[in-house]
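What follows is a set of structures to go through.
Two complexes follow with chain A in common, the first pairing it with chain B and the second with chain C.
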Partner chain A sequence: MTADSFLFFFLAFVTLVSGLAVVLLANPIYSALCLAMTMVGVAGLFVTLNAFFIAGVQLIVYAGAVMVLFVMVLMLFDLRHELAAFTRGKFTGTVKIATVGLLAGLIVGAIMMSSGMLSDRSAQASDVLKTGADTTKDLGTLLFTKYVFGFEALGVLLLVIAIGAVSLARSKGGTHAKH
Partner chain B sequence: MGKDIFEILVNGVKLVLVFLMIVQAVPILVWLERRGSAFIQNRFGPNRVGPLGLLQLLADAAKFLTKEEFAPAQGIKLLYYAAPVFALIPGAIAYAAIPMSVPIMVDAFEMFGQTWGPYKFLVQGYEIGVGIVFILGVSSLAAYTILMAGWGSGNKFSLMGALRASAQTISYELALGLSIVGVILLYGTFNLTEMIQAQQGPLSFQFLGYTITSEYLPNWGIFFQPLGAILFFTATFAESNRLPFDLAEGEAELVAGFHTEYGGFKMLLFFIGEYAHMMIAAGLMTTFFFGGYSIPFVSAAEVLAWAQTVCETATGASALTALIHFLVYNVKFALFLWIFIWVRWTLPRFRYDQLMDLGWKTMLPWALANTVFTAFMVYLAGI
Partner chain C sequence: MLSTDIINNVGLNHYLVLSALLFVTGMAGVLLRRNIIVILMSIELMLNSVNISFVAFSKYMGDINGHIMVFFVMTIAAAEAAVGLAIAVSIFKRFREVNIRFFEHLKG
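Our next item is the complex of A and B:
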């Protein structure tokens, strides 16, 4: 077994186990922490694919900022009530099973569709092995030329979300509301 | 033993060495902090155990190790014990990516009946193409250890302290990330080694077709990015939860913040994590704005030429050059660590709303302005 394949299987194992733990653990805090772990594993997988910039951004944005906020908010709630609500009932059970089926279908489909791509990639990788800086430059060029409208539209969407969140929070007095 | 395994082994040993460097620097920094604070406040500080009180560190370590082991009954044992261990990981991984000296060129040599090399031995844990993004990404994971400690302790003061500390870390991460965009634009690379190479020689730049060269100043980033340097250094204070930003442990309000329930060696591990963040900040300040390991006005090639007159083998000359640059790096590095300690004992703590105002309403707009201005100037200079 080469070092590359060892790294891949190790990271894949970590990602899958922590991803399963997100779904299977009853305590939302542990789920959130495991989701962070999943994101770190995915960042590691990006590194093995030579996508260093995406890996770094994955760590900074998702694992470092978004999930920390999730964990912070979860810690502020009394979770016993929500625990009971989420672990009982026929309806939630059906939804769970349906979700698992959907996910399994997605995974099988992804493997079927991408099995050819992997061998293509290894054939290409031998002639041009790009460094992290090159792929970052390529990414930037693509984002600001070919995909510039989609990129800007996403920026506007995020701005709308931010303004909407602020206006929702401030209506009825926000944190200083009188009950 | 195959050559692949040999190289993996060498890299593994390097990682362990970098980690040990961090851990070994902590007692010295603690001593410096206590003596330095005493000097600033006109006291003596610890001066009884050993010469200059240096053995106080050993006594402290022995005390920490022999303290009673306890865990809060209301806490969550797994998170409570995991948090201090996790506190070490982000700092150690991120610091290993900072280059500390020029690479050592090892000539081919005979060992165990085989010919090995030639090798290029980097004086850093590993080189990664997108150095800055990686370091920022890994060190941003430190917020989890704080949250885990606060939640796992099962104590409302711990939890409040943890929430404060992590909110502060996230807020200042934005200003931190934006303040170095100017640096990235200036050098056009994410790679820390390339940045250091770009800062060698006397100050010179091209502007509107003219080349301007100074005789007295080195080509350091601080002269191109003074605002970025100030913003970056300030944000790193907040990132490592040091005074004047140590809202996490406002004694009057929160006892000791997220590590209220920790004692003995577990407490010391948090300390090491905090000092590791200081070291990353000092190392990055040196690398981005003060030329890294390079010596002002003396290029690495000149040092190597001198070393070749002293040493017989090429490997020895390369190792001597690396040692000299390593010492230069450490002088700059130690200076910034001292500034960290100096500021801690000089400025009072902020109030929480002042902290958030400074982060979001002052530093973030200035960092954005710096980014836009630098982009404009880089564009002008390139015409």
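Our next item is the complex of A and C:
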């Protein structure tokens, strides 16, 4: 087993196990912790794919900002009686798990069926993306030329979101207001 | 020699299968959990798995546009988390509950 494949399988294991833990653990705080672990694993996978800038953004935005947001909101709530919050009913639960399994089988089957087609094209990948030398530079150039309007629209969206989130969650007594 | 080939040569298919499994995990979370915060976390999981497949395609197809898409998806996912959590806070203020069973009719 080479170092690259070991790294991939290790990161895949970490990501999948902590992703499962997010879903299966009863306490939402542990779920948030495992979500942070998943984000770190995904950032590591981005590094193995030579996407260094995206990996940094992933760490800052997800493992930093979004996780702080989740944990802050969890701290605001009083969740002592909310430990076991799974779906009720054996039948609907079985149907849901069967649906999820079917979807997984379909996607993996489709990937396996089309693997020949995909590996043919991957031989033509450019050297830049193969070595990861200048991906960040290319990304910046593309972001500020071809996608500059999308980038600006994203800035406006974030401003609207910031104001909207504050005005949605605002009240005199915070989460402990009497109504 | 097929099995050693699968273990030693990590290619596009590995990343796609991992992405599919992570997506399905997130979907199971959305379907099975009743806690609104955990549902939002599972949505983040699904978005991340799609990002993995974008970056994997971007590398193996030699096209940098996938990275741009991941950048946009990340920003919008952060915005979605902020709005979703703000809505969760206001729902909690109204119903004193985070279990979606209590406000599935969205009737104040």
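Quick notes on this structure:
Operating definition for what follows: the second predicted complex is superposed on the first by the 114 of 179 C-alpha atoms of A that agree within 3 Å, B and C clash if a C-alpha of one lies under 4 Å from a C-alpha of the other, contacts with A are read in each partner's own complex, and residues count from 1 in each chain.
The rule is simple: contacts are C-beta pairs under 8 Å (C-beta built on N, C-alpha and C of every residue); 3 or more make two chains touch, one makes a residue touch a chain.
All values derive from a computational prediction rather than experimental measurement.
Contacts of A:V100 after superposition on the shared chain: chain C is touched, whereas chain B is not.
Comparing chain B with chain C, more residues of chain A are touched by C.
Of the two partner chains, chain C is the only one touched by A:V42; chain B is not.
When the two structures are aligned on the shared chain, A:S31 is found in touch with chain C, with no touch to chain B. Shared-chain residue A:A65: touches chain B and chain C both. Of the two partner chains, chain C is the only one touched by A:S5; chain B is not. Shared-chain residue A:F52: touches chain B; no touch with chain C.
When both complexes are aligned on chain A by C-alpha atoms, chain A residues 53, 57-58, 65, 69, 76 touch chain B in the first and chain C in the second.
The touching residues of chain A, counted against chain B in their complex, run 3, 29, 33, 36, 40, 43, 52-53, 55-60, 63-65, 68-69, 71-72, 75-76, 131-133, 136. Considering their complex, residues 4, 8, 128-130, 133-134, 136-138, 140-141, 143-144, 147-148, 150-151, 159, 162-163, 166-167, 169-170, 173, 177, 189-191 of chain B touch chain A. The residues of chain C lying in touch with chain A in their complex are 7-18, 20-29, 31-35, 37-38, 40-42, 44-45, 48, 51-52, 55-56, 58-65, 67-68, 70-72, 74-79, 81-83, 85-90, 92-94, 97-99, 101. The residues of chain A lying in touch with chain C in their complex are 1-2, 4-5, 8-9, 12, 15-16, 19-20, 22-23, 28, 31-32, 35, 38-39, 42, 45-46, 49-51, 53-54, 57-58, 61-62, 65-66, 69-70, 73-74, 76-77, 79, 82, 85-88, 93, 96-97, 99-101, 103-104, 107-108, 111-112, 115, 118-119, 121-122, 124-126, 128-130, 135, 138-139, 142-143, 147, 150, 154, 157-158, 161-162, 164-166, 168-169, 171, 175, 177, 179.
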